[in-house]
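Shared chain: chain A. Partners: chain B in the first complex, chain C in the second.
Our next item is the complex of A and B:
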C-alpha cells in the first residue's frame, strides 16, 4: 500500500508537474523527429520495414533509459536538494518500500514512453509491419534495461548527493552502454566490441531486437539476451538499495 | 524520559562532529537546543532520528534505540526538519492526506481541515503548495509534524520565515501542546523563542554540551547580574528589595540589577504585589543572550 502511494505521488510529479510534462513533450518531439527522418529521408527511406522498426526500437530504448535515468536521479538527489526526501524517510515506510515506490514512478515514465512509441513504430513500419515483434522486444528486453537505468539513477543520486553529479555520471554510463547504436558494425565485430557486447545490457536488448525484428527469430531464442538484461536489472537494484540505505539526511 | 542522550560521540567521514553530547527531555517539556552554526545541533537531531550511527554513547528516543527500531520511533514522532521541502503540485489537503496514509491513517476531509485550521492554513487548503509563501510552508510543515498526534516533536527552526504574528501563533500552539504533555525538542537560533517557550535548554559548542539545565539555574550559575530598565509611573514604595539593587534613576527610568539566581518573572510579581508602579520593562544585559555568548565563546587562537 505505501509503495503504491509513493508510486502514485511519483506519477503525479511526472504527469502533473511542469517539469515532468516538459520531458514528455520533448520526448514526443524527438520521436516525431526520428520518425519523420526515417520515412522522409531519401537514403533512410530505402531501408526495409524491419530495419526501420529495429532502428526505432533502439531509439525508443535509448530515450527510455535517458528519461529513467533523469527521473531516477531526480527522485532521490533532486528531492534531497529540495528537502522533501527527509520527511519521507521519517515516516513508517521502510527504505525498500520507498525505493520500490519511486521505481513505480520510473516504471510509469517507461509505460508512457511505450504507449507514445507504439504509433511511431506503427507508422515507420509502413502501417504495422513488424509492430508486434517491436513491441514484444521493447516489453521483454527494453523494460529491464530501462528500469535498471532508473535504479542506476537512484543509486547515483543517493551516493553522490547532488543531482548534477549523479546525472553527469549516469549520462556517461548511458552513452557507453548505448554505444552499439553509435558504433559501426565493424567496430562491434572487433574483439573488444564483442566482449563489450557480451556484458552490455543495451547491446543485449538491441541484439535481441535485431534477431526478433529483422531475422524473425522467436523470443525463446533470446534466453542469453534476456539473462543479460535481467542481470543488469538485478545489479542496478542492488546498487540502488545499498546506496539508498546509506542516506543519512 | 522521551529523549535521553548521554556521552554521544559521532563522526562523519572520519571528522568528529559530536564529542560529548548529553540531553534529556521529559513529557510536557519544551527543551531549547542552542549552539553556534556547525556546533552539532543538526547532527544531534539526525542521531535522535536514527539517521546517523553514533560511535559511542547512548541515544534513547521514546524508550527505544532509534537506529535499531527506526520505524517504531518514527511512528510516534513528529519532525519539522530545517529544510522543509514539499511537492509543489499538491494542495495542502492532499499533501497531509498523503502523509497520513503513509503513516497508515486515513484521515477524513474534516479532520484534515482541522489540522490545517490549527496552523492557520484552512483558507488556502485547496491551493497548490507551489503558490505558498515561506511562512505558509513552515506552517504546513508543522501541520505535517502534528499529523499523527505524536507524544514527541522535534522542531528545527520552526519559526524561520514567519512574521511576528505567525511566530506568536506557533508559540501558542507549542505551549498548548506542551500543556497537553507533548515533549518538544526545539533547535533554534532565535533566543526570543527560547526565552518565551523553554524552561530547560542545552547549549552545544564544538560538539560538546557545555551547559544543560533549567534556564534560570543556568543564568544564575553564569553569575553576571541581570540588568533591567524599568519605567515607573511614580516613586517605588520602598527603595530596597531583597533581590533587586537599584543602580540609577533617569527621570521615569530606573536601572536595576537582579540577582542572577532569581527568575525575573518572580521578581516582577513581587514588585507588582509590593506596589511598584511598573509601566515598562526592558532587559539591558544578563539574559539568555549573555549566557549563550559566554558559553559558546571560542578561546582566542
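Our next item is the complex of A and C:
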C-alpha cells in the first residue's frame, strides 16, 4: 500500500531518527518542567487539582497543534524546497493518497504525544478527579483539532511558495486560535470573545475540557463542542485537498 | 468554685443551647458519620433543625449555610460555590411547633480551621436567627504528589535521551 509506505516514511523521519527524537525530548522536558512547577507550589487547593489537569490538557493540545502545523507545512513546502516532492507527485499514487499518507505521520506523532502525556496527566491528577474524563476529552476533542492543524499546515505548504511563509501564517493562526489559554475569562465573555469562541475549534476543545474536568459534566453534554472540532477538521481537510490538487508537477 | 469555672460552665451551656432570634430557633449538629479528622477531599455533612416557637406562623422562611475560615491571619468568609451545591432551604410557612430539617453536605476544598453556621430569615421577621457554630479542621493533603510527579518527570526525558543515544 503506497499510502502506508508514505505514512511509514513520515513517521520514521519524525520518531526513529536522532533528530526526530529531539522534539520528543523537548516535549517531555516541557511537560516535566510543568510538573516540577506544580510540585513546588504548596498553595494549590483541591479545586486547583482539576485545574491542573485542565491546564495540562490545554498545553498538550497546543503542543500537538504546533507539531502538526510544522510537520504539515514541512511535509509539502519543505519537501518541495528540498526537491523531493516532485518525484513523489510523478508516481502513480493519487494526490489524495499522498495527502493521507502524509497525514499518517502527523497522526502517529499525535498518538505518541498523547501516550507521552498520559503519565504526566496521571502524575499531576493525584486525586484522580476527572482524570479519565480529561483523557477522554483530549482524545475526542484534541484529535480533530490537532489533525486539523496538520491539514492547515499541508494546505499552506501547498498553496504558498515557501515553507517559511507557510509557517509564519500557520503560527499566527495557531497563536490566535490558542489565545483562550492565555486570555482571562472576562475578556472571553465580551460579545467579540463569545463570537470568537463559537467558531474557534481550540476554544471548543478547551471549553469541553473545562466542562468535563472541572465541572464534571458528561461527554454527552459536549455535542456542540464536538461538532465545532469536527467542522474544523472537515474544513481543514477540504483546504489541504484543494491546495494540494492545485500543485503543478 | 472559682469565677473562671463559672465562666467556662456558662460558655458551655450557651454553646449547647439552640440560638434563638425572633420566633425561630436553629440547632446545628455534625453528622455522626463525619470522619473524625477530615482532610481535603473528604465530605462532611451537617444537620440543622429550624423550629418555629412563636404564637403565630412564620411566613416565607429561608435558611442558608455560611462558612468562615478562622485561621490566624486568614480570617475570611468562604465562597461556598466549590464547597457545596446545597446552599439554602425554604419553607412557605412554619406553624407554631413545626420544624424544618435540612442536611448540608460540604466537600472540603482547602485546609484550615472553619466554622459553619445556619442562618434563617423570614418574610416579616425583624431579626436574623442563627444556629450555634459548628467548628471543624481540614487537614492538608498534597494536591500534586511529588512522589508521583518526580519519577515521571525525571524518567521520561531520560528514557528518550537514552533512545537517542541508542539510535546514534
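Throughout what follows, the second predicted complex is superposed on the first by the 237 of 249 C-alpha atoms of A that agree within 3 Å, B and C clash if a C-alpha of one lies under 4 Å from a C-alpha of the other, contacts with A are read in each partner's own complex, and residues count from 1 in each chain.
In the analysis below, contacts are C-beta pairs under 8 Å (C-beta built on N, C-alpha and C of every residue); 3 or more make two chains touch, one makes a residue touch a chain.
Source: prediction; values computed, not measured.
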For this session: Mind checking the superposed model to see whether chain B and chain C fit together on chain A or clash?
Result: fit
Exercise. Can A:216 be said to touch chain B (first), chain C (second), both, or neither?
Worked result: neither
Exercise. Does the superposition put A:39 against chain B (first), chain C (second), both, or neither?
Worked result: second
Exercise. Angle chain B-chain A-chain C between C-alpha centres, in steps of 10 degrees?
Worked result: 170
For this session: Go through the superposed model and pick first if A:21 touches only chain B, second if only chain C, both, or neither.
Result: second
For this session: Once the structures are superposed on A, label A:29 by its partner contacts, choosing first (chain B), second (chain C), both or neither.
Result: second
Exercise. In the superposed arrangement, which partner chain does A:190 touch: chain B (first), chain C (second), both, or neither?
Worked result: neither
Problem set entry | Contacts of A:124 with chain B and chain C, given as first, second, both or neither | second
For this session: Check whether A:52 is in contact with chain B, with chain C, with both or with neither, and answer first, second, both or neither.
Result: second
Problem set entry | Shortest span in Å between Cα atoms of chain B and of chain C, once chain A is used as the common reference | 11
For this session: Could you give the residue numbers on chain A that contact chain B in one complex and chain C in the other?
Result: 16-17
Problem set entry | Footprint of chain A on chain C - complex, ascending | 40-41, 82, 107-110, 141-146, 148-154, 156-157, 160-161, 163-164, 167-168
Seminar exercise, completed: Note: in the complex, chain B contacts chain A through residues 42, 46, 49, 51-52, 71, 74-75, 77, 79, 81, 83-90, 98-99, 101-104, 141, 144
Seminar exercise, completed: Given the complex, residues on chain A that touch chain C span 16-18, 21-22, 24-25, 28-29, 31-32, 35-36, 38-39, 41, 44-49, 52, 116, 119-120, 122-124, 126-127
Problem set entry | Of all residues in chain A, those that touch chain B in their complex | 1-2, 5-6, 9, 12-13, 16-17, 79, 82-94, 247-249
